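Scrolling down, you'll hit the structures one after another.
Paired with chain B in one complex and with chain C in the other, chain A is shared by the two complexes that follow.
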Partner chain A sequence: MAEEKKGRAVATTTAAKIPKFVRGNLSATLKAKEEGKKVAAAFIADGQDEIMRAMDIVPAWGESFSGVCAAKRDAEKYLQKAESDNFSRSLCTYATCNIGFDMMREELGGVAPEGAPWGGMARPDMMLGNGQLLCDPRFKWPQATQHYQRDVPVFVTNMYYPPWDPNVDHHDQEAIYVKYATEELRETVKFCEKVTGKKMDWDRLAATVELSDKTWDLFIDTYELRKHIPTPMDTGDAMNTMVPLTFNLGTQEAYDFYVDLKAELEQKIADGVGVANPEKYRVIWAAGLPSWFALGDFQYFNGKGVVFPVEVTYRGCEKIERLDLPKTNDPLEHIAWRWVRYWTHWYDAARKRPGSTPKVERIIEYIEDYKCDGAVFHSAFSCRSWHAGIMQQAATLKNVYKDLPILIMEGDIVDISSYNEADTHNRIDAFIETLAAYKKKQG
Partner chain B sequence: MTELRDGNGLAAAEKLYTQYGSRARELKASGKKVIGYLSALGPVEIMTAAGVVPIRLKGNVSEAISKGDAYMESIVCPFVRNVFDAAVKGKYDFLDGMVLPHQCDSIDRTNETWSYTLKLPYWHFLNVPHVTDDPSITFMKEILRIFIGTLEKFTGTKITDEAIANAVKAHNENRKLMRELYDLRKSNPPPISGTEMMKVLVAAMSLPVDESSALIKAVTKEVKERKPAAGKPAAKRIMLIGDQIDDVAVIEAIESAGAYLVMEDLSIGAKMYWEDVDATADPVQGIAERYLRKLKIPTTFVGSADTYEGILDERFGQMKKYVNEFKVDGAILFIYKYCDPYGFEVPAIKSYVEAAGAPVLYLEDEYSTSSLARVKTRIEAFLEMIA
Partner chain C sequence: MDHFAGVDIGSTMTKVVIVSDRIEASLIGPTGPEHRKLANRVMEEALRQARLTFEDLTYIVATGYGRINVPFADRQITEITCHAKGLHSLLPSVKTVVDIGGQDSKGIKIGNGKVMNFVMNDKCAAGTGRFLEIIADSLGVPLEKIGELSLTAERIAAVSSTCTVFAEQEIISRLAGGEPIANLMAGIHDAVATRVYSLVKKLNVEPDIAVTGGGAKNIGLVRALESKFGQKLLVPPEPLITGALGAALMGKDIFEKYAAEGQQPTRSGHRLEEATFFK
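Let's turn to the complex of A and B:
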């Protein structure tokens, strides 16, 4: 996602382009005013990317900025600023870091505080939230920020998908959810039209959505090259290479990035170049956002011959043909179908294995396809969205694989006070010992 | 249930409070099906119409979490963890099923942990939206109809619109009775203590609606018949704000320091009882509107007013009203650790209620009495400050 204090060597040269992407997204918010564009504080994986891109709205990604602050180990001053107005340290630290920054910027009359990582972000013209089946901060964060930016309008849409229930066929409920999500996206368009004073160009939206679909396909084609042994790219890189998909969906730049990455991975495979030499153990990053201030831990794994050929985190797409989307001429309905079918993609598999869940089926699919010997989860204390329920996933996985080595690391996404490098490395070492024993037993 | 006689409403409430779930257990033994639910979003009207016994689940603040942590992360809301722990330990072994309304991440993201661990015969996750626009009302009606369908399948009985309309009437009557009891607290000194009121609120949420109404009536009659207390007219009148505070520990800390708890905006209290379900041709419409548009909880996003001040009125206007009507001298905002929905509201609530004329003490704590001494010290200092 971003560079940290001590530069992290990357396994692919393409990933080295990512800081430019991230910096470009931040600076786009600062340039927007002079270009006559509106800026929207926005959240990733909200289904609103194409609407913003098609309307020339510049997204200000709060999660990205907080991640940059964390990677640069420069988040504490913003966390403390938020805390000074009674935002608890137990709340989402993506949010509190960003709110602290916003509070400081307001005190400076809208100018980013001096020394803000990569210049900071511009004051938004609107805030777009989203109520989902994950992440309350996606609508509480903009609401909380509005307390300091009272003239900035907040719009919250609601994008759901059928909840998992082993006794219910979710296909029976899909139409209700797609209709609702489509209507909510239409409300989002109306709000954006009101703030920008411009009408949506529906042909442009359709073309943007088509480009997103192509990018989803290319992303998966590229990442599936990592099935190769030795893997040409691991999760340490993927935490960077997810940026175009996650923050620049619906742009040609994002698509082109994966063209380059795919070519590089194909070349590495042809040359027999892997992340670790020798590659001893293949492990899945099964769930959890990373500690952005400690991405170097992936190198620690790599240095011991452990690679992560696959991760669930930030793999926020699937091959379009596998989702079997019904045809529609309405780009918003297409986004809604893509949304619902993506989130429910592993439901049918879970229904076939009593006691399993879709999240676990997804992990199982990757363990099998990428030939993994173990699983690592990361539990971030300030984020319930991605990290509550991990213990249940790990326990279910154990029911299927019995002795599969599993490590649940504990830390945070932004707050470095939770992190102890020596303890973390000790836990990793112990995990690697169990991997060795497991692999020996497997023969 | 303890037979209600003149003058024993509070004693009955005390018993139901200390032996939480005892009536549901009795009804289960008599052949009734009992469904537990979490949060103010549990649509009790539909459960009542289905002929099941709804019981809102609570934990035990005096009991350490000892078994639940083997299944559920410690970053989850301490209230949710505590209730889950109680369920794992068998405190709710009389349940036939559970409804988890989609209130917050701590509920939503642990749905599978609950259902796969407890393995109850009936389970339903009610996917309540976070926004209140027209498409959301339509969607809410759809998911309520799905919920009705699952209950029909479970009980083997059709839930008619007439049964739902009757349940709506019964629950509206129940809310009206509770509001009448709240009204008595406007006196100075109030004829019912905050501690007593908490026991009534907790007892009420453990009973079928008709029994709950009978209890409230009995308590109200008993309280009205009390001789005016000599009291301490100068004692400070406090309001408590938070989610599911369902134990007397914090309230005793307030009242033992010489103040009166005269009002609260809690999810088991005023939030539950202040707004009725409108009688609509399609009874599900009224229920959808009540839970989505009338219930003031932080996981329902509200923000349609043109100005920020107007938005604050939409979100917290009831608190200002309570400050004025109940002559509140100070408010305690008691938020559980790891609670994003309430945690992100703290600066807004604090400044709003203070602007309404009541100084605010903000406390962040666990769902546990382990830190009660510290809480008590903070409350005492606050009361001294506003004296």
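Let's turn to the complex of A and C:
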């Protein structure tokens, strides 16, 4: 039984459409078989979205499903199931929640367990893993879950980008990484063709990639409206509005969503409507996945006049023109360039500031552009690869901004046992007092 | 003359300080399950000590984890801000505060009397006063004696368990194996100091460093912390009241800020009655 919790309001009406997106993605996996489509267990931000969309493969997003379980405070049974087979709680809880669910579904002969949030996800026909620099569990996650679904073929690619080294000019290396990533994507296509028995329609793929580029541009144009004071939308909503970009890239629905969101934000700005009234402090969500079971904490901030006009998390794109991508007629090579340049985008800035890193430069860019008074990080204990380095990032920011108030919250993405609401709110209160003193000093 | 009160409701102790242009009264009473709602009694006793009536109080600030439901407070401010304020008034040279309370421990970085940064330990009793309470209880040693006892140790008996429950089991096993209590106490104090040090060092610690809270009254813990930080730590004369003192001084600041503009701060219902935690 899921724990009851207070409902969470969203600031924009467009964000209220997101549950339909998420539920639609889950139900698409359940309807796929009757529609003659294949289902792929898939992972976000790995360059495979357009391949799947162009081949009518239905992605089953394990990370999304685990997030839904957490948001509904209904993940514990899946975590316990995985733990019963010796998967440690200190592993990625997106993975363990998903694996626990897969285990239960296998015990039921491939049928989603009764009471699974929003009906759960269908048994996949294939798994498209992607070990890359963003997330280390992805090397083993597909293998681990294949242990329970032995007949499901797995293909794990590796999408690397030049690692940050202040003494190395990444521009000399990018082409090598792009070549490697392109070949990995080409092998992904071959794998998908083999499993589906259909050939890739390369023109359709090119059109899908073009639509993705347009969506990236529109997403940034929309989010940059949040620079306005008072901001018309904050991170509490962005943890919802990231869904079309993150899980539906390469679809017209995703593009249309941001058309609607942009129009709404423009109207709010015209009407002078902000998230908080009055807007006292502007804060960046500098790093970390949120506690999906505690998204209401954003409203706790808002209620005290604190808004998040910008976040690093789930801002998984950039204006295409800013990435200066080389021209190519190969859609896979274009995806690879877009992938590599997205990650190396802040390398040059970091090289100019001794002791800095690309992640810190990105935060600094946003602090300046969005006029932030402080920074909040969330350290989720089970997500090592994303959250390692938070202390270093905070320390580097302190070197640049001296007294900038920084709050490092501690919790998890899925495991609610990591969360203590009273203590979290106490920390937030103390942080807001620090913001007040900082802003007073700044004049 | 205007009088300002600070009420700090911690997990184990309720502290009240009344100030004018000096400290008029300070009182420490137990919080405990039954006492938690009776902060008004501690306030009444403090008022008696200061020879004041409740109506003589110009402004009241509540702090500590129980601050929200104090019906006679005009304003609530977190213990982080109040500790910094109170300690700065007592020891202006301090830039880093280590506060070891009953249910949490925290580090606070101070600059010009303001909070620059802070860290808090929660979700785990290890590294807090509660850890020491449990171990003292299981060994049958009065809590107020464990610090001095730890200083008589011939060696530090390392306690490897970081979980309070498992540490308690480990201590009992080691005791059965013949390890002297003093050595185990030294090990326990070392374990708490290690946890606290690893928390506070995230702050880019700068001297002077002060210790506050109940932990500061434990000489064994202060010595163990000094060993970790590699320097002498300052302890205010009454380390339990810094939060309440800071709250009273914050109230004074708020009132004077309004007064300078010819105004008065908004006051709450202002009733000296029981807190409402469990309603």
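Following the convention adopted for this analysis, the second predicted complex is superposed on the first by the 438 of 443 C-alpha atoms of A that agree within 3 Å, B and C clash if a C-alpha of one lies under 4 Å from a C-alpha of the other, contacts with A are read in each partner's own complex, and residues count from 1 in each chain.
Quick note on the criterion: a residue touches a chain if its C-beta (ideal position, glycine included) is under 8 Å from a C-beta of that chain, and two chains touch if they have at least 3 such contacts.
A quick note: this is a predicted structure, and the numbers were derived from the prediction, not measured.
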Going by the contact rule set out at the top, does A:R53 touch chain B (first), chain C (second), both, or neither?
neither
By the touch definition at the top of the document, which applies to A:R338: first (chain B), second (chain C), both, or neither?
neither
Which partner chains sit in contact with A:V156 here, chain B, chain C, both or neither? Use first/second/both/neither.
first
Once chain A of both complexes is superposed, is A:M391 in touch with chain B (first), chain C (second), both, or neither?
both
State whether A:R123 touches chain B only (first), chain C only (second), both chains, or neither.
neither
One more residue to check, A:R226. First (chain B), second (chain C), both or neither?
neither
Looking at the overlay, what does A:S418 touch: chain B (first), chain C (second), both, or neither?
second
Between chain B and chain C, pick out the one touching the greater number of residues of chain A.
B
Based on the superposed arrangement, let me know which partner A:G131 touches: chain B (first), chain C (second), both, or neither?
first
Thinking of the overlay built on chain A, is A:D429 touched by chain B (first), by chain C (second), by both, or by neither?
second
Do any residues of chain A touch both chain B and chain C, and if so, which are they?
391, 395
How about chain A: which of its residues touch chain C in the complex?
391, 395, 398, 403, 405-406, 408, 410, 418, 420, 422-423, 426-427, 429-430, 433-434, 437, 441
Please name which positions on chain B make contact with chain A in the complex.
71-73, 75-77, 102, 104-106, 108-113, 116-117, 123-125, 127, 129-131, 133, 135-136, 138-139, 142-143, 146, 150, 298-299, 301, 303, 307-308, 311, 335, 337-338, 340-341, 343-348, 350-351, 362, 364
Quick check: in the complex, which residue numbers of chain A touch chain B?
85-88, 90-92, 95, 129, 131, 133-137, 139-141, 143-144, 146-147, 150-151, 154, 156-158, 160, 162-165, 167-168, 173, 176, 180, 183-184, 187, 355, 357, 359, 379-385, 387-392, 395-396
So in the complex, which bits of chain C are touching chain A?
65, 77-81, 104, 111, 114-120, 122-123, 202, 204
